[in-house]
Amino acid sequence: MRILLSNDDGYFAPGLQALAAALAEVGKIDVVAPERDRSGASNSLTLDRPLSLRKAASGFHYVNGTPTDCVHLAVTGMLDELPDMVVSGINHGANMGDDTIYSGTVAAATEGFLLGVPAIAISLVAKGASDFSAAGRIARELVERFQRDPVRQPTLLNVNVPDLPYDQIKGIQVTRLGKRHKAEPTIKSLTPRNETVYWVGAAGSAQDAGEGTDFHAVANGYVSVTPLQIDLTHYGQVAGIRDWLGK
Amino acid sequence: MRILLSNDDGYFAPGLQALAAALAEVGKIDVVAPERDRSGASNSLTLDRPLSLRKAASGFHYVNGTPTDCVHLAVTGMLDELPDMVVSGINHGANMGDDTIYSGTVAAATEGFLLGVPAIAISLVAKGASDFSAAGRIARELVERFQRDPVRQPTLLNVNVPDLPYDQIKGIQVTRLGKRHKAEPTIKSLTPRNETVYWVGAAGSAQDAGEGTDFHAVANGYVSVTPLQIDLTHYGQVAGIRDWLGK
Amino acid sequence: MRILLSNDDGYFAPGLQALAAALAEVGKIDVVAPERDRSGASNSLTLDRPLSLRKAASGFHYVNGTPTDCVHLAVTGMLDELPDMVVSGINHGANMGDDTIYSGTVAAATEGFLLGVPAIAISLVAKGASDFSAAGRIARELVERFQRDPVRQPTLLNVNVPDLPYDQIKGIQVTRLGKRHKAEPTIKSLTPRNETVYWVGAAGSAQDAGEGTDFHAVANGYVSVTPLQIDLTHYGQVAGIRDWLGK
Amino acid sequence: MRILLSNDDGYFAPGLQALAAALAEVGKIDVVAPERDRSGASNSLTLDRPLSLRKAASGFHYVNGTPTDCVHLAVTGMLDELPDMVVSGINHGANMGDDTIYSGTVAAATEGFLLGVPAIAISLVAKGASDFSAAGRIARELVERFQRDPVRQPTLLNVNVPDLPYDQIKGIQVTRLGKRHKAEPTIKSLTPRNETVYWVGAAGSAQDAGEGTDFHAVANGYVSVTPLQIDLTHYGQVAGIRDWLGK
């Protein structure tokens, strides 16, 4: 089994190292990750300049681009054959609810999925210094399950792991993405040169965090696994908008 | 009516000027757009540095950030009250099918939608030098329709306009997003300093461009209007993945 | 006479517009400037990606690179023949003393000089909203003087203009660069995500601002003109270092 | 002895590791280097956003900024006391002649010098895969010499080492900077999206590479040591320009 790894925290990130260590036991791994922290990169793709691909002493490759660039370049330009899976992470911090659309971790997995490869994004729901070993073990278990029993349909899974020791995690729940309240306002500040600048504010608190959501699963000590799709069409509104335009 | 305008081609782009000219007749407009071309930025949000907000001679504001940053900052930090609509564009080039997830034009509208404001992304399906007047007129008609008859539900519309004079456009079709074949391989090239670099390849050709898709509508001389949503949950797979994990 | 104009504040900056307006009366001008504010860019040259060159509605060209890139690309790739002069500015803010080595305004002129073209960097010593007309007039007078009476040697002039109406400026003084005290310490601050970040502190106060320096001239109402060279060799230390190494 | 190390190739560069290994034997070292390759950065200083400072597993610190930012932040914001020396490198490639003004390696040393610390920039004149051990040994010898016998004057040394085994290096020569012919023209190329882009061309061949220059020393198997200064004033032209302006 050949597994392509990426992330959005950069090729040197401890979460990626933990992931590589865990998956090296399952198959042949290739790591292609951004040369610097690209958290918040979403599906951003670099079109106005070429990318370079370099290899670090660790054997990991790094690219001067986004998570999406990394997977795109690995699959369509570097690897001799299509990998069997793409796994992105382990992100340092949650990727749940609406925030998923901003996530570079999820974007790297999404790019694999778009290129025809089953993909998993995995994040550890932690803020401070963290132990990635439980999340690494869960990544390995999911990949092994794929290996034994491939899912028949194109698959893109968004996995969030609570910050607990492995034996305190209660299990896995298949979830939907929750929803947040609106983001906090931007924060105005002054530079030492007296220019006004604005920091993007914190994410809003959870609005839909009820049973069945990723927020709820993780808050209760479960790993959340949310199957994702990338067709943004709002089928439920097609008829209504047609009526509205026809008036 | 107060309308917030943005785009991903930059605050100086002719498509944005055409949009501003068209919508100034309908309401009070504020323009907040990236200081440089950020095509392909997707929903990328800048978290590792603060943003600056400046005003050009044209009265347009520009931000050293992404399209998402622009709308985020405008709505949560600059404007005194929530705008009535966000309109993003007129993009120079199509935003149809799977490519929509990479689009900064759609991302700017999406950010408005996430912040509770009805939003439209509008793109002109053209490659070379272009006339944005028909697309500007269509933007104005859609906004006027909202003004007269607000849609009851949260609304995010992705509009693509064929590159035709206004009176040769056959009408509007409400569509779903089509699908493309995989992207072309990356293109290897050598720098003058003999380093290998890689350009992201061209988008794939259309795979699902049948009736009902945005590709089909535009190819037949219609404006496509695709209602979008941002919940990436693949509800159709929740049960199946639950079974798979339970085995 | 053909004059190439650039700056580091970006192609849309009022100081560049004032310069272009003033010099259009003297010769044929071409403007090639950065697409965004690149203050502090020094002689930075972009080697890891190619540059794009675009033309704004104003007729000015802009480049997604540094001031040095702009002049380099204009002279070695865009213009059919070598320009007769390169003029960079009008910078919004002083470029005097040690700070000159950080200046993108001076760097653009330096690149012209390195490519064999007489060059002037011109800066207005002002902080807030500013009137560039006096500085524009001085730029024109200097260029006209070159036109009438070319300097025989390769020439690179660093010009700083006090923020005064033209008729209150007392004259021109040929100066040496002054020196500053060390910069103020960096300023620590916290992001909304509780990460510590550091702003580069303010420039130090003047240490050598005595008679004969640019600081002194401008403080007394004169335009300072400092001839520059770019050979960084410390000839006065060659023998001493040789002794030291020989011990 | 406390030594601050930096470079422009990035904190992970083999040349920096070799330098750190060599100097760890002489004193207490702190490494603060750019998070990514910033070759060609010159004295560029980041003023429009704050910098972050992080620590890698290797114990090296990295900054999301330029070489100048790294030394500036280390000296004015991170270290408790002024270091005794700043050493920048070992750069992968020459920094000789006029090119010195573009060099980020030299800029890092220059920033130390400007902040009152004796500084050395050291570069290996090699293109392909390289052995930094001889250059590391030379760096150590120079620093040890400083330790034994401090130079009385403020000192900034630009050191270039030929790509030879240590015992084949013929010695050290104190040199002046040579000069190059003009750079090669920019190289036009087409992107996969049919946009014209321009690569900055190769550096020109040596024009002044005669005896006494850094070019000459290295070509003949010697280490070149060029003492630098940062006062760009062209004292030799002050009187001439005064005459010219007085006419």
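The letters A, B, C and D name the chains in turn, as written, and every chain counts its residues from 1.
In this text, contacts are C-beta pairs under 8 Å (C-beta built on N, C-alpha and C of every residue); 3 or more make two chains touch, one makes a residue touch a chain.
As the structure is a prediction and not an experimental result, all values here were calculated from the model.
S.K.: Chains shared as neighbours by subunit A and subunit B?
M.R.: C, D
S.K.: In terms of CA centroid distance, which chain is the most far removed from subunit D?
M.R.: Using the mean of the C-alpha atoms as each chain's centre, the farthest one from subunit D is B.
S.K.: Taking contacts as defined above, which has more of them, C-D or A-C?
M.R.: The greater number of contacts lies at C-D.
S.K.: Is the contact between subunit B and subunit D built from the same residue numbers on each copy (over half shared) or from different ones (under half shared)?
M.R.: The interface is built from the same residue numbers on each side, given that over half of them are used by both copies.
S.K.: From the mean C-alpha coordinate of subunit A to that of subunit D, what's the distance rounded to whole Å?
M.R.: Centres of subunit A and subunit D (C-alpha means) sit 39 Å apart.
S.K.: As a quick test, compute the distance in whole Å between the mean CA positions of subunit A and subunit C.
M.R.: Chain centres of subunit A and subunit C, defined by C-alpha means, are spaced 45 Å apart.
S.K.: Between subunit C and subunit D, what is the gap in Å from one C-alpha centre to the other?
M.R.: Using C-alpha averages as centres, the distance is 23 Å.
S.K.: Could you tell me which residues belong to subunit C and also touch two or more other chains?
M.R.: In subunit C, residues 37, 47-48, 50, 52, 64, 184, 189, 191, 193, 199-201 touch at least two other chains, as defined above.
S.K.: Show which residues of subunit D lie in contact with subunit C when the two form their complex.
M.R.: Counting only subunit D, the residues touching subunit C are 37, 39-48, 50-53, 66, 68-69, 72-73, 76-77, 98, 100-102, 107, 110, 114-116, 145, 149, 151, 153, 155-158, 172, 174-177, 182-186, 188-189, 195-201, 225-238, 240-242, 244-245, 247.
S.K.: Note which residues of subunit D are touching subunit A in the complex, please.
M.R.: For subunit D paired with subunit A, touching residues are 12, 14, 35-37, 47-48, 56-57, 64, 191, 193.
S.K.: Can you list the residues on subunit A that touch subunit C in the complex?
M.R.: Its residues touching subunit C are 48-50, 52, 64, 184, 187, 189, 191-193, 199-202.
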